[in-house]
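Structure in structure tokens, see below.
For reference, chains read A, B and C in written order, and residue numbers begin at 1 within each chain.
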Amino acid sequence: MLSIKNLKANIEDKEILKGLNLEINPGEVHAIMGPNGSGKSTLASVLAGREEYNVTEGEVIFNGENILEMAPEDRARKGIFLAFQYPIEIPGVSNANFMKTAVNEVRKSKGLAPLDSKEFLKLMREKMQLVQVDKTMTQRSVNEGFSGGEKKRNEIFQMAMLEPELGVLDETDSGLDIDALRIVADGVNALRDGKRSFIVITHYQRLLDYIVPDFVHVLYKGRIVKSGTKELALELEEKGYDWIKEEVEI
Amino acid sequence: MNTLTETISETEQQISFENIASEKLTPERKLAIDTFNKSGFPSLKDEEWKYLDLSVLKNTPFNHQAPACTKLTLSDIEKYKVAGADAITLVFINGVYCPELSSQQRDNTFSIESVESELAAHWFGKLAKTDEPFIALNTAFHHGGLLIHIKAGQEVKQTIHLLHFNDSRQEAVAAHPRNLVVAEKNSKVQLIATYHSLNNFTSLTNSVTEFFVGENAFVEYDVKQDENEKALQINYVYAQQKRDSVFDISTVTIGGKMVRNNLNIALTETGGTAHLNGLTVGGKNQTVDNHTLVDHASPHCESFQLYKNILDDNAHGIFNGKIFVRQDAQKTNAFQSSKNVLLSDVAVMNAKPQLEIYADDVKCSHGATTGQLDEEALFYFRSRGIGKKDALALLNYAFAGDVIEKINNDALKADLLKLLAQKLNTEIEFEG
Amino acid sequence: MSEDLKIIDEVTGSDYKWGFVSNIEADTAPKGLNEDIIRFISAKKNEPQWMLDFRLKAFNQWKKMEEPSWAHVSYPEIDFQDIIYYSAPKPKKTLNSLDELDPEVKATFDKLGISLEEQKRLSGVAVDAVIDSVSVKTTFRDELAKLGIIFCSFSEAVREHPDLVKKYMGSVVPYTDNYYAALNSAVFSDGSFCYIPKGVRCPMELSTYFRINSAGTGQFERTLIIADEGAYASYLEGCTAPQRDENQLHAAVVEIYAHKDAQVKYSTVQNWYPGDKNGKGGVYNFVTKRGLCAGERAKISWTQVETGSAITWKYPSVILKGDHSVGEFYSVAVTNNMQQADTGTKMIHIGKNTSSTIVSKGISGGKSNNSYRGLVRIGKNALNARNFSQCDSLLLGDKCGAHTFPYIECSNPTAKVEHEATTSKVGEDQIFYCNQRGISTEDAVGLIVNGYCREVFNQLPMEFAVEAQKLLAVSLEGSVG
């Protein structure tokens, strides 16, 4: 479903991704771990189409199409969802209104009729339940005045609403206490349906206790240097990244 | 310059040179007086002079020809120096530089010469243009002030103190100090200008100072205005900043009948920073008008303005600040704050904080508040047994001290805090 | 005339949705301005002598005045002799019911989406429609009359309620006030008049639609609203103009007089033709709007959404004379392409314990310039006056300008005046976030801008708020580079 081949990308002439390869099949959960500055968030940004990043080489094929030339909104409409590390505040725009616009844009691109207010409310209620979001959150302005945990939960709620094929979670666990982390993880797990795939980018292993990955990759200096299963994450937690660095440097 | 005299026709406000030695009357001076006579003094209708009544200035027959240096001795000026400051003092009486009262230069990080020198011609009048009537007057009548030239890569360790005296014993004197400060690349200097009256007669100080702040240079200029109750002052400061330079100016106005300050800062290259601070503690019939213009002409520059007024009796405060951001000046950060307290029923504050912005990727904001001191705070003081008068003084001191704290020159800071405490009638212990 | 209209009709594009020209036969004065023209207008309207005298006094005053130049706008000199000062759609006979309305006029309203029938049937809004210069029809008159509310065209009020008109006209905006107010006082052709008697709460929104139709006409309408003691009214004003190459002048005067305990809420959605992308054509909107809180606890509230006009020069003001009176100003001003707006308010605090609130949201795109200019004056006797002003500017491109010129004059120590202003752009981060949720950049800007204006839209009556949002979207088309 997603195939990344020899991806190289830079920002302000500084190369961050230096030939990254990754294959993801439908329904799989891939965790990407790595030390600070290894290129984890860059990968998320490049997949979503942030313009500050220049892709210099390689390709990203999503369901048979190279997405690198696509506008961010087109990628989103095709089913790539990025849960932001730092969700943006949009004052004065209610979450519900924001989501209604987004859902109907995605539907439009698929040739579906827009949802009317009633249908939309029904969908929203359903998804709110699924990811444990209460009503007041949908009435507030997008992320404005939200606590860190609320912002992350809102990201998962939006993912539930947009029903993407691929969810990219960029350090969704950072800044969350254990309770908030559990709620967010439960939300993600509720969205695992055997077809939807996830890339879970994280610095800490603890998230992976709740969202159990099929594969774990270590990103270091812009490339995936080691891949394994969830045991690899435990090993990393125990030993840190130094042994990987040594392995790579040799 | 001794034979320079002038006459004012009150209705026409025409000013002319009379009996001036022809070799002194340069074409530039002649042109400047022509320019002035064409425009005349500004009026209240002029948007830049709105709220400021210049009638006393217009109707006083000033002598624009300053007499020779008054017979002052070094010990006379001692009390005007900033206590504890390691300073090089440059003394001006009625706008005329008096070398015999001034410190001798002690190191070679900078040089001093006349603004009429060949070297000074590179910079003179490049920023202060004669289309401003008072600059035209200054250009016509100035008495050859100083060019202070800081050499590249040098740090002037001592503070340079420009000490201005007005002496209007015989007649109302108009002084036209004219100075130039050039700080070359990577240099650093702190300057102070203080303005005083030697007696209690009407005078006019029409001061123009131009600053050229070179690449990565750091210039701090702090001004204390403490003239007598009849003194009028028009003060222009221009600064042009090159790449990554810093220019900080604080203006503290305590004395004078009417003071008008004009600050024009041009951030012409990327990375420049400017801080503009102003404090007015006004009472009686004082009018103090602070006009600032920060011209963001280049990207990635920052400016910060903080202006406060405490106005008692019939005092009239005016603040007119403009942040101008040109189209190219992306990533500008510009902030301005005007905070004012009225202590009497008849004090008046007019504020006009303006933003004029042509670039889109900027962060600009301004705020203005006018009111009384916080009643809650006052009550809190009183509930702790501090009388209303003392509580007010303490609160005012805290309100105003905020601006003085921004000054980097410790000796001047202490001096100003002391002056502030006197003015506010509070007894506050000072450290150091 | 109708020949010209047809030609213009053919060249009008689709850029400006409301840029159609109605083919209504106009009864038009010759171009130019002199005493004869004023007599012509007055005669056309069968005015009494006192009204003509008022006009002539104003005209003489106007001749002595100079066009103001302090606003942050620039435009070629206006030739006041090249303007048609009166143009009434035919037929001019008095109408008794909507059925008698000229079908063309009705069709115009239908195109505007304000079918009078609809309005009458569905929303219960009383509409007084002013095309060019003449008030065409006031709906719901009879029902309002039962409550003692007078809502009619200005000309009618001159004829039927001369005492009220004489007493209040010029009491808030005297003809000496400014250049355009003087011009309006001399040549105004019609407008709306509204009187709410003591203690009456007007049960429906009162509404006026203004429309400039004929080529080369200036529209000089005049509105007078009087709320007697304890009365309440909410008044809506909508404006559109056909698309034309030449500039059309619009110089209106609105006066509101609020007695003790009275409240008036005045909302405007201004959508005059803004000119094309290159700044050709468009309406010059030079308007004087002012309210007087004459009595204690009176309240006047202005809400405006300004998206149209080539040049806007407008400062709806409140004079807070009564103790405890309240003034409010909520504004969204959008400029795009070559538009220029210099708009804001004046809050003049005279009475004790008066308070005012100013919320201004400026949005500039294209090569436009958008200025906020506001005055807050606290008089010597305005004990405990309060003002809070918030002026935000949003920039949508790097070729436009956003400016803030607040004037704060405080002469009373017990007053508390606070002013805050910010300028920012629509954040790239915000747009990217929306993009990532599948929303296009243009829609994202629309969403963000609407959110930014919500504080003001919340002040508008419901139907108007929806219209304002739509207008905003139309106005912002192509604003992001």
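As a convention for this text, contacts are C-beta pairs under 8 Å (C-beta built on N, C-alpha and C of every residue); 3 or more make two chains touch, one makes a residue touch a chain.
Keep in mind that this is a model prediction, so the values were computed, not measured.
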For the chain pairs A-C and B-C, which is connected through the larger number of C-beta pairs in contact? B-C
By C-alpha centres, the chain nearest the middle of everything shown is C
Tell me which chain's centre, taken as the mean of its C-alpha atoms, is farthest from chain A. B
Measuring from the mean C-alpha position of chain A to the mean C-alpha position of chain B, what distance in angstrom results? 57
I'd like the Å distance between the centres of chain B and chain C, where a centre is the mean of that chain's Cα atoms. 45
Per the centroid of Cα atoms for each chain, what is the distance between chain A and chain C, given in Å? 49
Which chain B residues reach two or more other chains? none
Which of the residues in chain C come into contact with chain A in the complex? 427, 429-430, 432-441, 443, 447-448, 450-455
What does chain A use to touch chain C in their complex? 48-51, 71-73, 75-77, 81-82, 84, 87-88, 90-93, 97-99, 101-102, 105-106, 109, 141, 158, 162
Hey, which residues of chain B end up touching chain C in the complex? 47, 51, 327, 330, 340, 342-372
Which chain C residues qualify as touching chain B in the complex? 70, 378, 380, 393, 395-425
